[in-house]
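I'd like to ask some things about the structure below.
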Amino acid sequence: MRARVLIRPKAGILDPQGEAVQRALPALGFTGVENVHIGRLVELDVADAGQLEEMCEKLLANPLVEDYEIQLPGS
Amino acid sequence: MRARVLIRPKAGILDPQGEAVQRALPALGFTGVENVHIGRLVELDVADAGQLEEMCEKLLANPLVEDYEIQLPGS
Amino acid sequence: MSERPATADAPAGTEGEAEPPPTLADALTLGLTGAEYELICAKQGGPPNQVELAMYSLLWSEHCAYKHSKKLLRTLPTEGPHVVMGPGENAGAVDVGGGLVCAFKVESHNHPSAVEPFQGAATGVGGILRDIFAIGARPIAVLDSLRFGEPSGTRSRYLLDGAVAGIGHYGNSIGVPTVGGEVYFEAPYEQNCLVNAMALGLCPRERLVRSAAAGVGNLLVLFGASTGRDGIGGASVLASAELGDDEDKRPTVQVGDPFEEKKLLECSLELLQRGLVVALQDLGAAGLTSSAAEMASKGGVGIDIDVAKVPLREPDLEPFEVMVSESQERMLCVVTPRDLEQVLDLCEKWEVGGAAIGTVTETGRLHVYDGERLVGDMPVSALVDDCPLYDLAPAKPSEPIYPPPAATLAMDATPLQALLALLASPNIASRRPLFEQYDAIVQSRTVRRPEQADAAVLALPDSSALAVSIDCNGRRVAADPYRGTIEAALECAANLACVGAEPLGTTNNLNFGNPEKPHIAWQLTEAVRGLGEACRALEAPIVGGNVSLYNEGAAGPIYPTPVVGMVGRLPDAARAGRLGFAREGNAIALVGWDPQRGAPSLAASELAKLRGEPLPDGLPPFDVQRVIATQEAVRAAVRVGELSSAHDIAEGGLAVALAECCLANGLGARVELDALTRAPSADALGDDTPAGADRPNPSLPLPILFAEYPGRFLLSGPRAALEALAPQTSVEIVGVVTGAALEIALAGETLVATLAELAEAHRALAALFP
Amino acid sequence: MKFGVLQFPGSCDEVDALLAARRVGEAELIWHGERDLRGADAIVVPGGFSYGDYLRAGAIARFAPAMEAVIEFAESGGLVLGICNGFQVLCEARLLPGALLPNANLRFTFRQVELEVARPDTSFTSACARAAGTADETPVRLSIPAKHSWGRYHAEERTLDELEERGQVLLRYAPGQNFNGSLRDIAGVCNARGNVFGLMPHPEHAVDALTGSTDGLRIFESMRLTVEGAHV
């Protein structure tokens, strides 16, 4: 089953990448954009979706500084 | 409106990150995982969602090596 | 084992389910000429099939066959007492003493970088590093040579940013320091940026390995990354045609994986160290096709390859795609059947894929199988040696090729304004924002980092050191391809002299426009003539290099850019020279200034560029032997160890060199230059603004401050140590290291610039990397 | 005394660390796949790009078999030094508090930086102390190169307060030197017990006047003093 994990910087942690994108947009003519945040997207085929949570805790995300959200097909 | 952009390596393009993660998982006791790909997640508030496509082409993604998918609330 | 395959033998199209056979039209699309196609048919005894045509089209491309440059390259000096391996192998090598050789080479990745600068530059570094360890040397340093359009353009900034990040990404991650380089910004590179990378490696002399396949019955092992569709029809084809605006033709971008290459590097070196490989070859442009054909050709043998045995990243690659894929981080080696198991075990230890994909045969032919099916059959000699070489038809252009640069400095600017504008000019401003993105110190060998000295210095185990420099001022080559190229080589040697090193060998990358055009052919011919003469005079033979042609687009050709990389040696690493003034009260000497030379010329200088002056037709002549004698004197003085600093005078001339010496350690200087006007030809001194131009009459003779020509140095140290150079070269004590400003007195006026002002101007490039 | 220097696929500065350690004692490389630390008295987890730094710097390396041994070694009080990527690995392994995030300038940056020794009285910094009786009260400074793209030290405010209260911040970037955006200018921290230390700058690249400065040697020297003191 194809699973997707969205990993984002925890609220309150400086996200310089997001800020850089936000700063760059107006110069390219894009206005009204705010609150840009950049994270990681992990997509994978898993036999046992029950393992995903542990996978995130252990490897895919760093729970100290990142939140994660697991998306499964049909969820 | 809060929009989300999923950016992933284009099919056929080498994804060294995905490969490294895939190779690491079995040693941690996670089996049956395949086809791991790692991309980026961009989340942002936009006034005009019509601009997103162009934003992706111009700044958020590198269309030469990445595909992107725009997700809007309720879509 | 090899009956001729139906597809190759029979007239095109006779095999039932096969895809329609290629035609002359396909050959033309792939960049071959009609005559070349005819010749291929003759060599093959009939029209080539798809696999064969794909392979011929790559090996017979400009990039692989050097169709328009090979004859010229043969005129270069390639032999000398230090040369251990000359052109023809993956990299050249010179003896550096202590039983060690230094392997080095420069290579271009211009077109891939124009398409995708980050990956293009990254894979350029990956490629040149593989060339170094392909001959058995451990890579110890990288240098980069970059050219972009003016940084005021957003595209140029995007390319710069991406290329620098890509070079850093690859070099930093693989643990090879990037110790030096150069970057110029000029309008003619707007459409065709240049990304050249040079690498150096070290290895015990007896462990150098060649790429000639040998031993009939031996096995071909492909190891490293798996094979995907990367760069199919990539570098080779791309590099052989002008890059148009057609975005759809963009090939799949090759993505570099420095982590994979790090493992590949360690694996290759351990294979060699254990004596497990007969021959080794990297996969670069034209992938397996080029590597296998080159190995067979050099060994005078044949090779059978089974593409079905090649580990694939994607399942559905066709045989021809496997043969031409440019997937990165792969190597090919020849091993005896007895050693195969050990070789594959070692691959496993280093976590790199490895597979036996072929055998060495006595046939002299390259056979490509897809399992049982023979899908390609070609004589190795036809693939590698029989591509026609073309004579150039050089003709000096009657009209200027390049429009004058856009003026950014008024003709009536004061000397102080000119000095500050020059220091802030993208070609002169501090490169710190670039080189701070490179790890310059990993491997603990770096004795001189960027901006500490004119050349990078790398310690050797026996307390001596290597020095390396890369250089080419394309604008001066454009003004005079012959003298401009000599200047580039002399500039490298001058940089080496400033750290106390003498040249051992040279590498070069000839970046030019379309050689089929007579004026480009003329640039190329003149440049190679100059390069050969300079390297002969310097006794620094050419041990390798690369050629990148067709760098032109609708807006015209690039400036001719024969990038020269030079490696030298100094006996005592601890005495390596530094460029900056270091001690309050030291005397400052101008060395190598030639009072007999007549008026120094601003022609083709950076100041002339800022003032928007057209390129001159030719550079003033100079005496190469005199320049070399001065370099020898400087080198000897640096080696004695009494000097505080040595810096050669290059872009921006004397005043800019003085400012750079001051800025290095934040020490000012008081300088008096009237002695330079007392020369016999002093009356000829003056502004050489073209007649008719507005002549503003600056009170200080600008040429003395800002003219550029080879052979001058600024040294600082105890007065006696400086004067001791006098018998070998001209020495003019011009000032003293003191204070917190640069003061230059000349012709009754004094230019005063505080260090803060100078530093502010010099930081100009920082704005490009917010 | 003997240092063990871990080697991962993708380590880059392991040989530099080895050579630096050999200036004060014996040293040996330990392959990531091994569990045996070969009787080392102290462990160095070196810099580089273990596993290409893919995913997050240090995230994959922390699971290497050798790291399991290092975790046990640390728990039994052994000295562990993590440099740059090694610091990241130790944080990922939770041997050290906090995390390292991408530099605020979003670029790999190589720069000689000035550090202030906040605690010259620890197992890793004792050789940095001024000679006894010196009147100078200002922090001792070290000039050491830094080079990384993931060097921004981050921990929760509460954790940072605790670290400071307990004296676990051993090194800070001197004023104006903090290019990566580390919170509270933290360049190096140790664990509560004081036997595990991580820092972003590279002391192993400051051990020879020929290639720059020798200030980094004092970190290795401090570790030697600690180990040999313990052996006495």
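Lettered A, B, C and D in written order, each chain numbered from 1.
The rule is simple: contacts are C-beta pairs under 8 Å (C-beta built on N, C-alpha and C of every residue); 3 or more make two chains touch, one makes a residue touch a chain.
Model, not experiment: these values are computed from the prediction.
Between C-D and B-C, name the chain pair that shares the greater number of C-beta pairs in contact.
It is C-D, judged by the count of C-beta pairs in contact.
Where the centres are mean C-alpha positions, what is the separation of subunit B from subunit C, in Å?
36
Between subunit A and subunit B, tell me the centre distance in angstrom, where each centre is the average of that chain's C-alpha atoms.
Result: the chain centres lie 9 Å from each other.
In angstrom, rounded to a whole number, how far apart do the mean CA points of subunit B and subunit D lie?
Taking the average C-alpha coordinate of subunit B and of subunit D, the gap between them is 34 Å.
If a residue has to touch 2 or more other chains to count, which residues of subunit A qualify?
40, 59-60, in rising order.
Counting only residues that touch at least 2 other chains, which ones in subunit D make the list?
Where subunit D meets two or more other chains at a single residue, that happens at 51-52, 54-55, 60, 63.
At least two partner chains per residue is the criterion; list those residues in subunit C.
Expected reply: 257, 259-260, 351.
So which chains actually touch one another? I want all the pairs, not just one.
So, checking each combination of chains, I get A-B, A-D, B-C, B-D, C-D as the touching pairs.
Would you pull the subunit B residues touching subunit C in the complex into a rising list?
12-16, 20, 23, 62, 64-65
Which residues of subunit D touch subunit C in their complex?
Per the touch definition, subunit D meets subunit C at residues 9-13, 15-16, 19-20, 48-49, 51-54, 107-111, 145, 147, 202, 204-205, 208, 210-212.
In their shared complex, at which residues does subunit D touch subunit B?
Of all residues in subunit D, those touching subunit B are 51-52, 54-55, 60, 63.
Could you pull out which subunit B residues touch subunit D in their complex?
16-17, 20-21, 24, 27-28, 38
So in the complex, which bits of subunit C are touching subunit D?
It comes out as residues 165, 168-169, 172-175, 257-260, 262-263, 350-351, 435-447, 459, 573-574, 769.
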